[in-house]
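Notes follow once the structure below has been shown.
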Amino acid sequence: MASTGMKQGTNGWEPRIVAFFCNWCTYTAADLAGVSRLRHAPNARVIRVMCSGRLDPQFVLDAFARGADGVLVGGCHPGDCHYMEGNYKALRRVRLLQRMMKDMGIHEDRFRLEWISASEGEKVKTTINTMTERVRALGPLGLPERFAEWDEEMDGLAHAIAAQEEAVHA
Amino acid sequence: MPETNGHDAPRVGFYVCHCGHNIAGIVDVAEVARFAGTLPNVIVARDYKYMCSDPGQELIITDIREHRLNRIVVASCSPLLHEHTFRVATEKGGLNPFYFQMVNIREDVSWVTENHDAATHKALDLVRAAVRRVAHHRSLATKHVRIHPDVLVVGAGISGIHAALTLANAGKKVTLVEREPTIGGHMAMFDKTFPTLDCAACILTPKMSAVKNHPNITLWSYSEVSEVSGYVGSYTVKVKRKPRFVSEELCVGCMECIDACVYKEGKTPDEFNQGLSKRKPVYIPFPQATPQVVLIDPDTCIEFKSGRCKKTCVEKCDRNAIDFKQKEEIKEIQVGTIILATGFKTFDPKRIPYYGYGKYPNVYSSLEVERLVNASGPTGGDLVLRDGRHPKTVGIIHCVGSRDRNTNRWCSRTCCMYSLKLAHLLKEHSEAEVYNFYIDIRAAGKAYEEFYDKLLEENIHFIRGRVAEVTDWSARPEEEGKMIIRVEDTLIGVVRRVPVDMVVLAVGMEPQADSQDVRRMFNISCSTEGFFLERHPKLAPVDTFTDGIFIAGACQGPKDIPDSVAQAGAAAAQALSLIDAGEVELEPNTAYVVEESCSGCKSCLNICPYTAITRDETRQKAFINEALCKGCGTCVATCPSGAIRQNLFEDEQIFSEIEGLLQEKESVLTGGGAWRAPA
Amino acid sequence: MSYLYFPGCSLRSTGRPYEESILAVFRKLNIPLKELDDWNCCGATAYVSIDENRAFTLAARNLAIAERMQNNGNAGEDLMAPCSACYLVLEKTQHYMKTDEGVNTEVTAALRRGGFDYKGTTKVRHPLDILVNDIGIERIAKAVVRPMKGMKVACYYGCQVVRPFETFDHAAYPTTMDRLVTALGATAIDWPMKARCCGGSLTGTIQEAGLRLNRALLKEAEKRGANIILTCCPLCQHNLECYQKRINRRFGESIHIPVAYFTQFIGLALGIPRKELGIQRLFIPLKFADPPTKEAHAHA
Amino acid sequence: MKLPTPPALRTTVTNSPPRMKTVVRRLKFESELDLSFGEHVAERAYGQKLLSCIQCGTCSATCPLSHYMDYTPRKIIAMTREGFKDEVLNSLTIWLCASCYACTVQCPRQIHITDVMYALKREAIARGFYPARNPIPVLAKAFYERVRHDGRNTESRLLITLYLRTNPFKMLKEAMLGLHLFLTGRLSLKKEKIKGMKELRKMIDSVEPRKEAVPL
């Protein structure tokens, strides 16, 4: 099915970036980029939210956990938020998240917040392109695979313990 | 388990649109349809040439009936364009319209991707996400809000005036706010109008007095909007009324106070005459100013500076209209819709030093010349230069501050035509040789090209070339005492030196200096150049991204009078259709509280910019006032106990979207679940 | 305040009085100058006409040497290039190394071959810029011992010192030098050809064209009552001064106006002996010792 | 096809149009053009914007020399864009450009016209597209060699080479001026040379010489 995947990219691997765009500025800008035929890297997958303020930190973590190599958040410029100050709220959360993810060993370049106004189609293009390049340079994050490994270890441990118990109660 | 229309399990109908070649040219739509067919819950998967067409929508409607579908996903253009269309189709099929989800594979895929495989692959991911998401959709009731019938029009140039009159004639109450002491805007300064050459005043002043006398129009001149709050249907607007120091009620505009002023002569550059004449501290912008009320400029009035003036003006005024104590007032009004017609600013030619504006006295801006040739202008229409001479040769330089990456990239659209007009008027006034220096003549308008013809017949010189410099460097005796225009005659391919007595700079149109502040106040967007951004360049030219706020005239982009008037009418019509509908449908994307999970921690209360969240003290729970909620979802993301949820943007919906986007190979779920919200 | 100094080839021949006056003036103001170690030709306008990346490399060597010197005891010292051509070529090299990846990679690699690891920190400055914006007009004015009363100066900037980068003044209407000479007590005449090209090397190649450009400049300066033209570029000075005779012969004109370097002019105002300023090397003698003419009084 | 070489470089300035001596065909067949020329030049001149020219003529009007050129700078841009390679490379215009950058700073499309001219000069020199005695490319070459040889330029020697290669008689004409310069100590035959010549040569030669000429 998804074997119709991209043949480009040296080792076949292509960064997968999940993008959360606010409806009023960045999503509109992305549309503008489309209307102006500003070709850019096909690696970003956009999820539309009404306001960057809707960005629940769990969305970001979930995206990474499910195999995203990068997460991009796009909101209105400070002072331009369609809902007055949702973007500031987003900013606060993003700052927090960034610190958290450092501790989790996720490189800061994998998570980016950009202010992109409705008229900045060009900026959508450059942002997605630069981000894709940075993430490509970092290589796959591959959290799901790592989770799988951890789970295996856990299973092994569990079996060992069970075996012990049985041995004792035998 | 999401509720459904009579069926337990989701039964999804999927449709991918070719949009002619727009999508099908890049994305393998057949593959997309085939792939969608393999996804869980998908009953029907089709591709069709134009989904937004009637047969396209018919497809959805019949499928819903025949295949008992309860979910619809359409992969086509941007939801901002056709989401509504397909929701209606879904509803026609007998489903709640919100069982629909749209996938943007045109603006977000086919138009921005070159590689076919990459495009198709991206489309598949987005489709997978949408199919998963739609399973979690729920039936919702659309929200309706009342539309307050009154309208605010900001800016009383020709656009604002026309919009206000249209609305008032339709019986709506209009408040018209103008920053300047008089209404009329730039048009009031013009002498004649192209291509008909009828005088601006003659056609404008009747409309101006109509505004003044209209029972449905409240005119607040010399006033500025200072604060806007609320939403479509009910906006609360604060307006700052600057003090005139003359009572608008009492003054009849006899202007005797002006003659009586202790200043025998004016000392201050007259704004209305572009500084070509001087005015007194007590003045009226121009004879037909509306309202016909004088005002006092405290910066130059002796009484304000020293408090020791004979106040001859006060003595003279038998109606005691003059009041030095007058204070600034703040008025508050309620309106349902707002029309912005704040107009433009002319380009400051000083920014191009090569043209010598401000250096050589006889270099004029086009707006100055409008006043200069005007019968009621500073010279009474006598074309006399700053140095007292009458010009024998005049050079009009086009595209000053237009089509130039060093200043403004855009074409100001009006300069060609008004330059032709001025060329005609100048020749008429002075019998001078008149040269036009242009890059291209843009005469695309009714009877515009014909006007150009007429000018050619009048033997006006047209030299195709952008002027490089205006200097007083004379290379020959006959050039002495003249300004030399250096230009390449590109049609002949020779550089020419044209000596002239007068230079007219056809300055372009720019956004108002404060357009950024204004757009913030009204919560709308600006395009890159700084003009107000319309909702859609073709299909919604006077709408903005904020419902109930419309734009008209040159604040949206350079425009001539006919276009401005047309747009003003359109904006008025848009406002009317809202008002007469009486109410407007709103996205039901509001937030709500799941009481059992709410811990009453209050952390959501001060998050809401609309104070829609309050705390029910008796039940110790947060409560959201749906009428006030605008659906930004900020509180949803803030609630630590996940008790606040948002219609159309439920956590499951977004999580499933993420899941769908990333789930290339099935079941990489391990561990990932660890991050899941308590759903 | 101290600077690295890149003389350039011209200042070692036709531009000699320029170098002499610069050194004298900076000495007088106690601003140390250190000549760039083993500098090489900047490449001028000709080299680029053959091969541009090689031209950039040629110029870049000087930038690299400057950076090396900055790292060895000359920290923070900008590189002063008095010849407009040198100034622009060095500046342009710096600019394209920053903005054009192709140029950057190729030139940086070439520099490595020569043992340079250039980081791109060197700042290129013109003495006019330094004197007015670093040292400051006030400080210079204070040091004036012989005010230039009655001197009516046509400040001539030429092209490459302001164009295309407009680093410290406007591309067509520069004023730096005008403000400077006014501070020295002279009157700067306003004329539209301040930055109009003198033709550069055309006087040597397509002379007919070159001479005509200079003729226009000289005539306009005289017409506007200037009694001296000041330049800040050896080539401009050479063209305007050394070709005056020929211009008069060729076009039947009777132009006679001294053309000096602005640094010589400052030097005289600061009371530096004429010899140290290379005044004697000028073709058209400067008669400053004379009291200002009546006519000059009238205008002053 | 090769066009007749442009008028001799002795520019005679006259206001009456020059009399036609030979008939030049004014018809152009598309097959005679090099349609890749425009882009080729554009990318060699940091003037990618070259293609965005709107033919306003500001460049020609700012240019202090345009009135001696056979094609005004504007025309050169148009012809380059449209692939009139031979005319462009044969033109006197590119040699008359004195690199004063007046056009570059005023171009409303921000085209780096001066750099375009440089690119065209290189192109012409690389393809030997100039009359043998055109002093400008000769000067450029002489200069290039001198600097490659010494690392610095000795003006006196440069001039001598120039005149020897173009028009020896001209040297007599310049002798007076030269003499005057000698007397005022502003011209010396002493050769200027740098110490790090080997290192410089190494650097220069390491740079791939620009192959301006594209396959024709």
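Going in written order, the chains are labelled A, B, C and D, and every chain counts its residues from 1.
Just so it is clear, a contact is a pair of C-beta atoms (placed from the backbone, for glycine too) under 8 Å apart; a residue touches a chain by one contact, two chains touch by 3 or more.
Given the structure is predicted, the values throughout are model-derived calculations rather than measurements.
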Query = Whose C-alpha centre lies nearest the centre of all protein C-alpha atoms?
reply = B
Inquiry  = Counting C-beta pairs in contact, which chain pair has more, B-C or B-D?
reply    = B-D
Message = Counting only Cα atoms for the centres, state how far chain A is from chain D in Å.
response = 54
Ask   = With chain centres defined as C-alpha means, what is the inter-centre distance between chain B and chain D in Å?
value = 50
Query = How many Å are there between the centre of chain A and the centre of chain C, using C-alpha atoms for each centre?
reply = 56
Task = Would you give the residues of chain A that are in contact with at least 2 other chains, written as numbers and ranges?
result = none
Message = If a residue has to touch 2 or more other chains to count, which residues of chain C qualify?
response = 172
Multi-partner residues of chain B (at least 2 other chains) = 354, 469
Message = If I apply the definition of touch given earlier, which pairs of chains qualify?
response = A-B, B-C, B-D, C-D
Task = Within their complex, state which residues of chain D touch chain B.
result = 54-58, 60-63, 66-67, 71-72, 74-75, 106, 108-110
Note = chain B partner, complex, touching residues on chain C are 170, 172-173, 191-193, 216, 220
Ask   = What residues of chain B sit close enough to touch chain A in their complex?
value = 28, 31, 35, 38, 78-80, 104, 106-109, 111-115, 117-122, 124-126, 129, 520, 523, 525-528, 533, 537, 545-546, 589, 607, 609, 630-634, 636-638, 646, 649, 651, 654-655, 657-659, 661-665, 668, 670-672, 674-677
Key: Of chain B, residues touching chain D in the complex   = 354, 399, 403-406, 439-440, 464-469, 486-490, 493-495
Inquiry  = Using the touch definition from the top, list the residues of chain C that touch chain D in their complex.
reply    = 9-10, 12-17, 38-41, 43-54, 57-58, 61, 96, 99-100, 106-107, 109-111, 113-115, 159-160, 163-164, 166, 171-172, 195-197, 199-202, 204-206, 208-209, 212-213, 242-243, 246, 280-283
